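You will see two complexes here that share subunit A, one where it goes with subunit B and one where it goes with subunit C.
Let's look at the complex of A and B:
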């Protein structure tokens, strides 16, 4: 009997490597093709440097897609689900973000697993309102 | 790492003895002596490399892997606003377990098990600031005063001092 596995998309943001479940990513794109107001940056994961790629995340309840700006996409890793560790109860209770869902040990390095929909939702909720476009003149 | 649960010979639990002595696991934090009930401390571990968590409060400097389990590190000094406990390669932590909460408490040094006659236990001071609000009692032995920490109260304070998930800024 084969062990259930999970496919993780690895990406780099700033100096750190993160993982997210592949099913949360609609596609990987070039951020130059994305309207600026659909880009998501400045999340709790930290600042971006190279801003090379975008992870397109589906919006909840049929809203517009959002594109999380990342520095690099490093590939996909398949790991046994038994190796995915949930966040300890204490850490989950005191973190100011719900976007870190757990850890996985990859190449002997603990790697944080990010819940992209929650990350994007939190960032959009915290974002200052965008200025209204100027009113059309006759 | 070492197991710290006292043996049944060393920690009598029979009805005739249980009420006479209380066992504590004692640590030094920022110049003071603090303790948890010994039965809550499951082992002492050397800290592995810490993985810092985004959006973590200062009293949660990170998590580390221990025997395939992710353990959160609690800096009590930061929690009570008395300054950070220095983390070095030699830093060890007491793994404290109460209910659903399991944390690795770092300290400046570990004294280990101490036995206090129950008649030497006192109620905590009535202050509601600093470390005092997290104490379940105060004990005295020949080395001085030991403040007995209440882990569930520490955890509840930590939760109340963290901004709820979803309302964080950047």
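Let's look at the complex of A and C:
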């Protein structure tokens, strides 16, 4: 009998690494191919720097897809579900965003699990997207 | 010869014999008469002839005449002797008076004798003339002595001056000779130095010519460097273009790798969404992604290398441009150096010629100086002799002055007024 696992997509904004379930991501794209008004950045996860990739997130209720700008996509990791932990109550109370659904210990380092649809929704609800700087070509 | 009685003959008292006796007596009387006359003639003035002693009339007449003549001669002799004594006495008086006058030097008076004789008149007149002549002589000698004293004093002063001048001249000539000796040494040294300068100038000329040749070689090298720099510049330009081309290709490769990475990520994403069924797909996707990442790492390294190559080519280009500029500047400097060296060569050539002329001139100067030194030595010798002669002349002039003074003193003894 095998232990149930969860497939997590690892991505990086700035110096921090985050994880999200693969089901929240429709595909991984190149932000240069995405219209600027479809890009989502400046979220509560922090500012972006390299802006290499875009995580395409399905819109709720049949809306248009949104592309979350990230600095780098690190890959997919398979993690036993037992290692997925809910966010502590104190941390949940402190955080203003509801996009952090839990955490997972990877390579002995705690990694936040992000609910991308909630994150995109919060960002879109908070303010119109700011003009983005030119995409990095390096 | 006085008339003295005839000498008695032993036979005179005898009666003459007939015939031969009277003849013998006459002969005897004649002999007696002749002897008496001869004695008188020999200075026996007291011899007397007595005519009565001669029997022969002829002899008696002769005896008488001789007796008369003898008496007359005797009287005249006596008178003559007396006069001679008188004149001698007058002459002695005149000589004594003259000696006294001369000894006392008093020529102012006249000669007066205690004896008067007509024969002394010419003597007195002659002595008077002598005194007058002496007076004139003394006067003239006194004037001459005065002039001589004055002239000898002038001669002494001139001789002293001449001696002093000669000594000064000798000293000056000696100093001049010493100076000329030093000049001779200096001329010798100058001649050697001039020869050395000429040799150095010749060496410098040779060195400058070699330098000119080196500069020409340097200019040829600069020209070659400039051409090489142009070739290097062209090569760098071509290299830059090829590097740019490589960069473009790498960009394409990088783009492809990025898209491959993106595809691999999406493949892995889809594999993960598929669950267990997509496991193998996810493994292949992960492998593809590693390859893409390797390619991107490689392209990143290539980009870094291209960047380094760009920087290097840029530096090489700047260095090449610098080489061209330096080579051009070197050619300009070489040209200026050639011009300068040409001027230097001309100057050195003139210097060498001048040094050679100076060398010849100094040799002539040395010879002339040696001749001058020799002449100065001869002049010094002559001057030394002249100085000695001048000293002798001064001594002689001094002696002459003393003699003039002595003469003046002597002349002063004669009183003429």
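Observations
Simple rule for what comes next: the second predicted complex is superposed on the first by the 127 of 138 C-alpha atoms of A that agree within 3 Å, B and C clash if a C-alpha of one lies under 4 Å from a C-alpha of the other, contacts with A are read in each partner's own complex, and residues count from 1 in each chain.
We take it that a contact is a pair of C-beta atoms (placed from the backbone, for glycine too) under 8 Å apart; a residue touches a chain by one contact, two chains touch by 3 or more.
Since the model is a prediction, treat every value here as computed from it, not as a measurement.
Once the complexes are laid over each other on subunit A, subunit B and subunit C both fit without any clash.
Contact with neither subunit B nor subunit C is seen for A:81 once the two complexes are overlaid on the shared chain. Within the superposed three-chain model, A:122 lies in touch with subunit B and out of touch with subunit C [touch as defined at top]. Once chain A of one complex is fitted onto chain A of the other, the partner contacts of A:45 are limited to subunit B, with no touch recorded for subunit C. When the two structures are aligned on the shared chain, A:9 is found in touch with subunit C, with no touch to subunit B. Between subunit B and subunit C, it is B that contacts the larger number of residues in subunit A. Look at A:30: by the touch rule set out above, it reaches subunit C but stays clear of subunit B.
With chain A used as the common frame, subunit B approaches subunit C to a shortest CA-CA distance of 25 Å.
Put simply, subunit B touches subunit A in their complex at residues 49, 51, 53-57, 59-60, 63-65, 68-72, 74, 100-103, 155, 158-159, 161-170.
Contact residues on subunit C toward subunit A in their complex (touch as defined above): 258-259, 262, 265-266, 268-269, 271-273, 275, 282, 286, 289. Of all residues in subunit A, only 42-46, 85-91, 93-100, 102-103, 105, 110, 112, 121-123, 125-126 touch subunit B in the complex they form. Those residues of subunit A lying in contact with subunit C across their complex are 7, 9, 22-23, 25, 27-30, 53, 73, 75-76, 78.
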